[in-house]
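One chain, subunit A, links the two complexes that follow: it is found with subunit B in the first and with subunit C in the second.
== the complex of A and B ==
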């Protein structure tokens, strides 16, 4: 067993990773609540934004413009998908909606592999200027990017909670999570609220893509399927609780990184989100209810 | 396919279970003809490159069939079937290195062991449904991919894992003595695949198939009708895992060397995409899916077209299938052809009709 000192740096990186997982997890939960779609293309959309940002900075564009374009592209792609495929699938099973987003994932994935080919072995990286700056706590080096990762996670939880609780749009979203039909009957512009949810989710995907490209790697495959890990946090919270998603994401990020110094488990650490989510799903679904109405799992 | 909207679409169709006698005979003739073509003609007609691709098609048609049973028959979506395939391939490779058992026995054992493990994966299916089941299988597949990356496939080493740590000068996974050459092994794979299709056909046409159909329509109704839904759902997972495990065994011999890098998690997603595109309801759909998944890339590779275009095509295909054609290509193409034929016939008749009409 390694000593405590060896674990310390991984607490910092684990918290940062957990923050970004929380960011994507909360984005997934909000969209699911508002539209009933588990957005499996979250990672792919973020990766697309990050790769475009990389190309822009390489072409000499200023950094802030690249980041803005990244976030906007992710938002626009997500919004476009929601507008085109949301309505025809609105009355279908949640499973069909989720599988349809896998279709978008495949399209984006193929496109990214085509345009930013990886076969040449060239590696790309996005370095945010916050990587260089930082401070030390005790003997620990903390970069601003890590602070931003954790901060973004906390911020998204606070902002979405307040947003859903106190704004008109947020109330409409919560109503739609309960029952889309009744909400529509009450005069809520359902399509417009859904559009807002799609756009918000896409923007979050863009931010998460940018942060993950810096914290983990800028690579279409890695980023696209990292969504499965962040989905685990949302699943543990049963796609319902925002605070639950945050806690789960923190736990996943911390456990994942704290396993790194332990030799025998280090190579298995990528299993953390999957194992936690699988166990959580099994425990939560001990009491099976068969219902004729909508899927409650 | 997966829910009420398409269920009514499927319900409106004539049940595929019972057909008039003449149709059955025609179908049997078509199947026999295709089998003979696949068995005798393809090894003569195609180059070694395409014969290898066709061996993969035979393997993956069985994998697609397994997923088709789960998705199309019982209504359970699994995103981890490629992970199940790797279990089969791993077990078969380990047995082939460790023992001198005849190949069919190894295939059978790989199938049975995969069946046990796959059913364990299927256990959550007893409690979870729909979306959550699909996501948990995705999680388990992701976990298995991580394990496999660490343990690697057996390559003649010692110990339980059988991995000797080296990637060069490793012995090839053996093939059956009657099928050492590529065309012979292709024929072997076709025979195994045909047997697996037969096994599934027997299931679909008998008691389990009817129980699955009832569960797919409505689980509460099936339960009320006295169907042991737990048993039959597990049965479906067992059957799908068994045939996928056997397919893994065939795959091990086909490629000679197995690497964990060839089975990334996205393969399971692509597999679901092509199965939906091919048509999860029909057994023909499994063959269409395998051709899309294995033959088309070989073709494109030969033409120098990037396989990424195929990924994009699959993505569009999934969206198209889910929004407009829930029963897939195997159902859509014959129907479209029939419609085209009717249209052409109508066009030919109309000028004649208007010519004979004095008014």
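== the complex of A and C ==
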């Protein structure tokens, strides 16, 4: 077993990884809360925005403009998908809605592979100005981008929680997630509310994509499929609690990285999100059986 | 009602995790290989493409000589630049007299890491296109799937190797060294700098054991401890990977990576952001890292800190007739070569050169027997792209490229850190080849 000192750096990296998962996971739950759709294209949309930002920066555009375009493109793609496919799929099973977003994921993934090919050894990177400053923890440098990543996760949790609970639009979104038709009969402009939810999710995906391109990698495959680990955090929170998703994401990141220096477990550390999600689902389903039994009794 | 929907959503999402997990696994298994590239803009220089043929400006109009190639082309992994560059070379030859007036026609089949498809591609080339030679193959699985087929039909394939069978079977000879021998080269350079420990990390894909055996043999012979690691790709936790590598290597150790350029970049950037680049004596990498894209993305902190094995002659700093012709052909005929100047197109050029050299020696009709006999007879041929002459020969295995360069980043480009150096015969496969070919 490694010593405490050997574990120390992995606590820092684990928090950073948890922050990464939280950014994606929270975005997924926000949209689910608002529309009832598990949006699997969250990572792909963010990756598309980040790659466009990279292209713009390489073409000489100012950084701020590239970042803005990244967020706008992600928002626009998500909004367009929501407006075109949202209404026809509104009455379908959640699984169908989620699989439809998987279709968008694969289309975007193919598009990115075509436009930003990796054949010929092309590799890209986005470096934010906040990478150049930071502080040291246990001989490890912590950049301001990492701090912003973690902070953005917390900020999204707080803002979204307040928004969904205390604003009129947020209440309408939650009502729609429960029952779209009843909400419509109450006079809520469902199309407009849905549009706001999709756009908001897209904007979060764009911000997350930009940060993750710096924190993880500017690579279509990595960013697109990062959503899977994040989804585990969302599942642990039962796609219901935004705070729960954040906590689960941080736990996954920490446990994952703390397994790294343990030789016998290191190779299996990538299973962490899925093992934790499976355990959580088992516990929840057992709890549900007990509750139902009590109700029947 | 909300709870019911949440529960349904959670179940649906759980099911989807399994589905997407399978997709990722497929993506991971396919995104492993890749050799190299040093991308930059093609510069034709003063060379003329008329040098590629025996009758400058005379278009070949005879019966075409059909040749075939199979390359992986799927999201994240495309090797089509290699046969496309070979086709560009053949176009140049065809525009300048061809082979005794015969133009060369290259049929290129692509595959998506599907064994049945790869086997079918080979049959298509032989039975439908009636090819008489195979040149430019670059595939993750092709050598593994088809080598027996080529042996039975008497084809001697000239390829860019990835799978072990590209190097260990009698009817396949590659112009590149492939991941194992390139990793050997990177480890060998680190050992020459007297490091106290080696950490060799590579992507967790089929064949890692075969690749790892080379560096393990080299480290053992030098009495230097080696730690072997594998990482699942795509890498999402590059920071913990970098910390582990550096902790395992120690301040006088070396970390050697064998990943595709994007994955290697992720690890190296993570190390840089954590301030770890100077915590080991040196970082090394197999050939995939030999790309100006990577040098540019990493920046000056890695100058003379990262040392990359290079299987082919560095194109930026070389001004030989062969290199000028390569750039001229690429500029004039290489529209389909997406990566531009770089190792992929260099490989395609070298393979086409070898094939043309063999075809020119054929007396009589261009048949499977005559063309492949000519290929097998190629000996010590100077491609201008390798450290040494290239030989096919009648050997049970082929590693004709076993002398390499080491490069390091400098101002956004890869420059030579160490010239041509033979890969150590401590690797039992290299020793076996040198013994079989009589070059040991």
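Couple of notes before you dig in:
Note that the second predicted complex is superposed on the first by the 282 of 297 C-alpha atoms of A that agree within 3 Å, B and C clash if a C-alpha of one lies under 4 Å from a C-alpha of the other, contacts with A are read in each partner's own complex, and residues count from 1 in each chain.
Assume a contact is a pair of C-beta atoms (placed from the backbone, for glycine too) under 8 Å apart; a residue touches a chain by one contact, two chains touch by 3 or more.
Because the structure is predicted, anything quoted here is derived from the model rather than measured.
With subunit A as the common reference for superposition, the partners subunit B and subunit C occupy clashing space.
Once chain A of one complex is fitted onto chain A of the other, the partner contacts of A:281 extend to both subunit B and subunit C.
More residues of subunit A lie in touch with C than with the remaining chain of the pair subunit B and subunit C. When the two complexes are overlaid on their common chain A, residue A:92 makes contact with subunit B while staying clear of subunit C. Within the superposed three-chain model, A:103 lies in touch with subunit B and out of touch with subunit C [touch as defined at top]. Once the two complexes are overlaid on the shared chain, A:219 sits against subunit C while remaining clear of subunit B. Touch criterion met: A:14 reaches subunit C, while subunit B stays clear of it.
After overlaying the two complexes on the shared chain, residue contacts for A:256 are found with subunit C alone; subunit B is out of touch.
After overlaying the two complexes on the shared chain, residue contacts for A:38 are found with subunit B and with subunit C alike.
With both structures placed on the common chain, the touch criterion links A:111 to subunit B but leaves subunit C unconnected. Of the candidate stretches 58-66, 112-120, 166-174 or 328-336 in subunit B, only 166-174 runs into subunit C once the two complexes are overlaid on chain A.
Residues 38, 93-95, 98-99, 102, 109-110, 113, 221, 225, 228-229, 231-232, 235, 267, 270, 274, 277, 281, 288 of subunit A touch subunit B in one complex and subunit C in the other.
Partner subunit A is touched in their complex by these residues of subunit B: 1-5, 77, 124, 126-132, 134-136, 138-140, 142-143, 146-147, 149-150, 218-220, 223, 264-266, 269-270, 272-273, 276, 306, 308-319, 322-323.
On the subunit A side of its complex with subunit C, the touching residues are 6, 9-10, 13-14, 16-17, 20, 32, 36, 38, 40, 93-95, 98-99, 102, 109-110, 113, 117-125, 131, 136, 140-141, 143, 145-146, 177-179, 216-217, 219-222, 225-226, 228-229, 231-232, 234-235, 238-240, 256-257, 260-261, 266-267, 269-270, 274, 277, 281, 284, 288. Residues of subunit C that touch subunit A in their complex: 1-2, 5-17, 19-21, 23-24, 27, 31, 34, 36-39, 75-81, 204, 230, 232, 234-241, 243-244, 247, 260-266, 269, 273-275, 288, 290-291, 293-294, 297, 338-340, 342-345. Every residue of subunit A that touches subunit B in the complex is listed here, in rising order: 38, 85, 88-89, 91-96, 98-100, 102-111, 113-114, 221, 224-225, 228-229, 231-232, 235, 267-268, 270-271, 273-275, 277-278, 281-282, 285-286, 288, 290-292, 295, 297.
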